[in-house]
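In structure tokens below, several structures.
Two complexes come next, and they have one chain in common, chain A, joined by chain B in the first and chain C in the second.
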Partner chain A sequence: MAKVLIVDDSKLIRNIIKDELEKNGHQIVGEAQDGRMAISMYKEKTPDLITMDITMDEMDGIEAITEIFKLNNKAKIIVVSALGQDEIINKAIDLGVMDFIIKPFEAERLLNSVKKAL
Partner chain B sequence: MKVGKEEYDILIKESFEHILEVMFSEKDAGNKINTLPGLPQGEKREIAILIQLTDGVEGKIILTCSLTTANKIAKALYPDFYEETEDIDDQKQVFKDSLGELMNILAGKIAYHFQRKFGTTRITTPTIISGNKLKITVYDNNAINSVIQFDYGIVDIVLTLN
Partner chain C sequence: MNQEVVTVGIGEYTVAQSPMILRTILGSCVAVILYDKINRIGGLAHVYLPSGKEYETNRESTITSHKFADILLPLMVEAILKENGNKRFFSAYLVGGASLFNTKPSSFMDIGKKNLDAVRRILNDMRINFLELEIGGNNGRKVHFYLKNGDIEVINLK
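Our next item is the complex of A and B:
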């Protein structure tokens, strides 16, 4: 069981991820709707894993990932985004994220990714 | 910058099919999708969702539909919520959120399709315009549109590139 922080500006996507992870025994320690909130919750909740959206107001996912890795370069982050273009995927992978899931996604794709990351 | 109508129609139809298959509940998986030659006369446009394309290519994607269609889409995406919540403000928030996310995913697929032609393109977060008796008209000589009909109703997806 892992402590997970979900970062996405859509409540719909946060609920989908939350339901699937909770059904599989993981604990959701926080939900953030932008990058800035994600950084603050990361410091406070120290999750084992983060699912991170890219396109968000205030601070986007790429900036948030960069900042979180400055706090902990071993942070485990899975990107879950609608922006599946090669350059963006490569940028996230180069930063050190563990996987990049393109929306819309099947539950199995998410669960396999989480399992692998942990 | 030009995009062919036929290419755009295929892209929108395939994207919608994939989104319906993955995101909507199981009973809707067999939902049939048709591309219409144009928006039928009298079809209402009471909701508009706008996403801006930036970087690789500059432009806009605008999805318009009737309030009835938008409600059916939101309820299909969020069935449990609508059954459990009677608070109107919460329902409005979820309505906007689910339509915005649907558009976000659609815009992501459009940006992905055009990455070779135009380079890596970013998308903004969606802006939703809605209101009682609101009439939305899109004017742009360079715009192309694709009109999709499925079980929840008809949606018009307009693409304008600068």
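Our next item is the complex of A and C:
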């Protein structure tokens, strides 16, 4: 079981991820709707894993990932995004994220990714 | 910010941009929601019947309405692309397709199931990935689609 922080500006997507992970025994320790909130929750909740959206209003996912890696360069982050741009995927991978899932995704894809990351 | 709410009628589709809200009410009909989060544009199609082509063959009539899945969905995709949406950023979601008349799921009268099958086939043909949110069952549903962030709210009607 892992402590997971979910970052996405869409409540729908947060709920989909939350339901699937909770059904499989993981604990959701926080939900953030932008990058700034994600950094603050990361410091407070120290999750084992983060699912991170990219396109968010206040601070985007790439900036949040960069800041989180400054706090802990071994942080485990899976990007879950609608983005299909190769450039952004490469940037996130270069930063050190564990996986990249394109929305909308099947539950199995998410669970496999979480399993591999842990 | 203009958070205008637009109601999408039976057999219609509407394309809109953030921060508008699209809403519709469903029974056996299926709502197909397409969202391009990068460009914050999307659409909601209210699919009334599965196939206009089938109807045309059976009734020997000319289709003028857009209420059929195979006519409505390509038109909605085209309209989103015309407004500078990008197909490779699409997320698609399905809601609805209830069986309101207590028919067995396999019954030829089960329009909800036929609508869902048609919509799945068409989205697959168009190579658009989709997720089924709340489908089937015996209740109607009210749907709100928020273009600001792609949120979809589904209220089951008892």
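We take it that the second predicted complex is superposed on the first by the 118 of 118 C-alpha atoms of A that agree within 3 Å, B and C clash if a C-alpha of one lies under 4 Å from a C-alpha of the other, contacts with A are read in each partner's own complex, and residues count from 1 in each chain.
Basically, a residue touches a chain if its C-beta (ideal position, glycine included) is under 8 Å from a C-beta of that chain, and two chains touch if they have at least 3 such contacts.
Here the structure is a predicted model, which means the values were calculated and not measured.
Partners chain B and chain C, once the complexes are superposed on chain A, run into each other and clash. In the superposed model, A:P104 makes contact with both chain B and chain C. Touch criterion met: A:I13 reaches chain B and chain C at once. Of the two partner chains placed around the shared chain by superposition, chain B is the only one that A:D86 touches, whereas chain C remains out of contact.
Of the two partner chains, both chain B and chain C are touched by A:T55. In the superposed three-chain model, the partner touching more residues of chain A is B, compared with the other of chain B and chain C. Across the superposed pair, chain B and chain C both touch chain A at residues 9-13, 55, 82-85, 102-106. Residues 18-19, 22-23, 77-78, 93-94, 97-98, 100-101, 104-105, 107-109, 111-112, 115, 120-125 of chain B are the ones touching chain A in the complex.
Note for the complex: chain A touches chain B at residues 9-13, 55-57, 81-88, 102-106. For chain A in complex with chain C, the residues that touch the partner chain are 9-13, 16, 55, 82-85, 102-106. On the side of chain C, the complex with chain A involves touching residues 35-38, 88-89, 91-93, 129-131, 133, 149-153.
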